[in-house]
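Each structure below is given as structure tokens.
Heads up, the next two complexes both have chain A, just with different partners, chain B and then chain C.
Then we have the complex of A and B:
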């Protein structure tokens, strides 16, 4: 069984690693974390993954040292490009091995014989991290790490190994060298963060997945209301799933006094698509911004806004392809690229429009912008989630089919809605009222928890407030959790 | 020390009335200086001073002080 955050073996083994860490001298602590990281990765039972990771570590370590040592600019650039090519070579070989094998062997046979070789967990994340490390050394914003073991740990630190955050060398490497003193506050807040992430995953994302999967598995079998609702539910599911994982990763790391990058900042409160990308998968959007968008933007700066729009399109096309070589992800990436490119031209007009109608500084402006952004993002998620491009286009073009007649029916039966099963079916999706109520309660707890987290530090409250809250939360976690082997959405990338 | 000319070029590019710039000021600290408007700032500085920065030089900039030093070195080489 894979050692995933929400699995029992992980929850048993992690405390053992943490306890061992307490009794090891500072100069050997990196070794405990590195061995734990390799063990966790090896437990995925995909030997090729460990080999690929080791290859990326060795190549990046020596390329980093060589770039820093080299004084001649053209040679320096050649080493950088060599390192980047090697890292992307590893990434592409692992990710497209299945496609290559299936060119020669029928898919079911290939799956039965070599399924272990087709596991790609974590590769996309640590290869991007390795590329950022080399680029930062080349740009002279980072000194190379000279300790091989610590460098290997930087790329393979187990909490962030499988799904990020994609850490910059300047942020994580110094923390791996800091002397460790057990910090009770960090242990407590780390455990709380882990538990909160677990709730988001097992009580919210897994519960939402039941509805979303049922609809997206057979999109032709549902009407507009259900397709629309499933799309909004997916928007919440993917946030709960990915930010849940991130919270667990951050929580585990914090117990070792290591602060990983916060990957989410209320992304559905973004007032524009650009703002959304400053709040969603922050470590990845920083990466594509710094290493793809900015160089292209500078290269094409004489074309002014057209150059910026072109750079945005290319950047988000890469973002789509990074998620997977399928037309679905290409369309999803291009949609975001188009939204952002359009905003380059539209933004001055938008500002003038709000000034003209006198709502430039009105809260209504923010509300409208949040709603429009959320709907654009949700629309793009359709292609991210759909099983095929055809399914994606079907959902996108049938979101409103039957919605008018449904609303008329609701309006004309307002007095006795509860008795009309055919009006509830498109919303309940044949899962029953109880299941829908539990889903709503889970989502409400997540929303409420996020609001509370911003306003008060629960771990700083007196015991008579903390302990009833902990107990209520544990009961909610046990009662609302669903463990049915629903993997994390972002593991596939 | 940030020159008044550079300050004006940046303020005009960002359509700001005023802002106090120090050597350590980063783009993220200045209202409206985000990744999308960064190119406008660079273009405005290049146009105002009649210089051309290399892409790599721009990518290495960490703060306004770096931009001032890069500009000074360009102007020095020109004269």
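Then we have the complex of A and C:
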């Protein structure tokens, strides 16, 4: 029984943990959260995961103390690199275990025998967190945590363990130490955030997954219109899936008075790829920016723009590899690296171009930039989602196949479009009109909710508005949800 | 009272407030939903609006019938024009027994086992449960059979596998109005489950390329191996049904051999037919060995009864109904002559069928 956020056991066991937390003295509260974290992690029934987490905790804890204690710079650096190597060693051993095993054993046999060992949930997240912890101590921006239990909790705090956010020690550790006092407003807003995240996951992402999976499972069986639509739908799916998880994580943490890092800020409204990475998976992009890009940029600063472009390429190659051992992720990472590197050289020209055509400060400029960025990001998602590199290239090269003739057919039958099944088939993807309507309603609620939540504070409304609204939302959740054990997209990393 | 709470002896005021409000809200919501469900169940003929091909997933009245049909798409009557043509109704007319069709499109072994558990949960006792098995089920395919079946979510909502999930199922039972399938079928214009297009007389060789495409994907999906999938789930199902006082009968659904000979190359056709025959023989010998009664449809259907390799049209459904009705009649006679149910089953599978 995997205790994932969108599973019923989790939703019933979590309140028990919260309740227990209320009755424990402050100096023991960390223990409740740590035991809950280990239990939730152990419920994945992948013993190697718990061992790997324990290893990272022990190594990072002692390396952190040793770095802080050490006065000699070269030794300090050696301990830092030793700690980083050990953490990445654990990460690589877990992530690449499947690849290594499959060198000797056929994939289906290996899967059948050792599937429990191939689970990698959460490892990428807490190892990056551990590395940043060590680096911050080395850079003397953070004091090492001396309480072993609290440190273990810092790496394994259950709301963020499986899919982040990747928290910095300076942000999370002080919160884990501060005395707790139940705050009604925090609990209520945490619950609302959790429910909103749940909606995004089960009503939007899971619904979209049905379409996207059907197409990407057999890309050769579909024409350009369907491939294009599936690609855009995947862009929405991955956002709803990942930001849904993050909202749930943030909501759960908030109920314990802990504020986790916001991981998303309307990423598809970004006006450039650089802007996109400031809005998408923020904790991860901050991490690669601080610990990979900046040191490389400093190292290559004499090469000016070429150095910056090179640093961006390497950074995003790492980003691709962090996501998984597959050429698909390498291509995805390289594409983002290329977009960003190209923008280093293109940006001055771009500014001049907008000035020349007189749209430098025009809202149209922003609209064009948003559209271009969204399309570039969606194009890169093709490789992220495709089952193989061949499938990815097939989709990328067939996005427009048959589109012309389709548009001609639509134009010539404008009067009676609803009667022509063959015109709707590429859009409905054999899933039926009802399913498509429900999907559209779910996506619209998500978009509307995102817009409204910034303008209307539900918790400031009177009870006679709030309670019926909660009930309506619960009913909508029941009607629009799909629980097909789809899993969270970002869990695999 | 200090600002910083370090003691566990008393509940913080906000904790109390959270608990009070959470309990009140949950209780009110549950009561309102249960009440609305009860009113809905009494006033709306909602069953008429549900997909009969998925009846098992929404209708809990399996205890009110004599015969329950379980199986996959071969039994769901996908190729008939009206309910009157559907397998369950034809069989009902022929046998004079109440029939419940609980077959599910694309159902797999795990789904059949879940269906068995669901029957027992619905209080189904002393019924004949006829399960369709097409011998192609035991061939190896590139997409592996899912251990949790093809309806894990749906069955998960209906049957629990632990005290905890069973408790959740029990709590959810009165909340019919929150069942999205039931409600959405009522809210959206009633769909025509039959008669969407003329289907009852579709025959594979004069039905465009539907049958050919399906056969090609069957060939593409198949693994070139003589190994077969396991059969032990059948015994597990038999035992589970016996323990709830029901009786399992297997209907060995035939395949359209002529289609294979027509669509495959000579060499591939021979290989396919031999492989399927072997699978059938293994199945029959397994059933005999385990003492599970069966009705073998092989050789009793002509090729015009099929829409493709395995799916029957209205003519095929009628033939299936005839064979099952014959079996039920024979068994009724035997039971009338025998003192006990146990003795009747001990007669053995072949005698029971023929």
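Here are a few things to note about the model shown:
One rule holds in what follows: the second predicted complex is superposed on the first by the 493 of 493 C-alpha atoms of A that agree within 3 Å, B and C clash if a C-alpha of one lies under 4 Å from a C-alpha of the other, contacts with A are read in each partner's own complex, and residues count from 1 in each chain.
FYI, a residue touches a chain if its C-beta (ideal position, glycine included) is under 8 Å from a C-beta of that chain, and two chains touch if they have at least 3 such contacts.
Please read all numbers here as calculations on a predicted model, not as lab measurements.
In the superposed three-chain model, the partner touching more residues of chain A is C, compared with the other of chain B and chain C.
Of the two partner chains placed by superposition, A:214 touches none, neither chain B nor chain C. Shared-chain residue A:25: touches chain C; no touch with chain B.
By the touch criterion stated above, A:396 is placed in contact with neither chain B nor chain C.
Once the two complexes are overlaid on the shared chain, A:308 sits against chain B while remaining clear of chain C. Contacts of A:54 after superposition on the shared chain: neither chain B nor chain C is touched.
By the document's definition of touching, neither partner reaches A:35: not chain B, not chain C.
Of the two partner chains, chain B is the only one that A:274 touches; chain C does not reach it. Those residues of chain A that touch chain B in the complex are listed here as 139-141, 274, 289, 293-295, 297-299, 301, 304, 307-308, 344.
If you check the complex, the residues on chain A that touch chain C are 8-9, 12, 15, 19, 22-27, 108, 179-184, 187-188, 434, 438, 467, 470-471, 474-475, 478-485. The residues of chain B lying in touch with chain A in their complex are 34-36, 38-39, 42-43, 55-56, 58-60, 62.
Of all residues in chain C, only 3-8, 11-15, 17-19, 22, 25, 29, 32, 144, 148, 152-153, 156, 164-165, 168, 178, 180, 183-184, 188 touch chain A in the complex they form.
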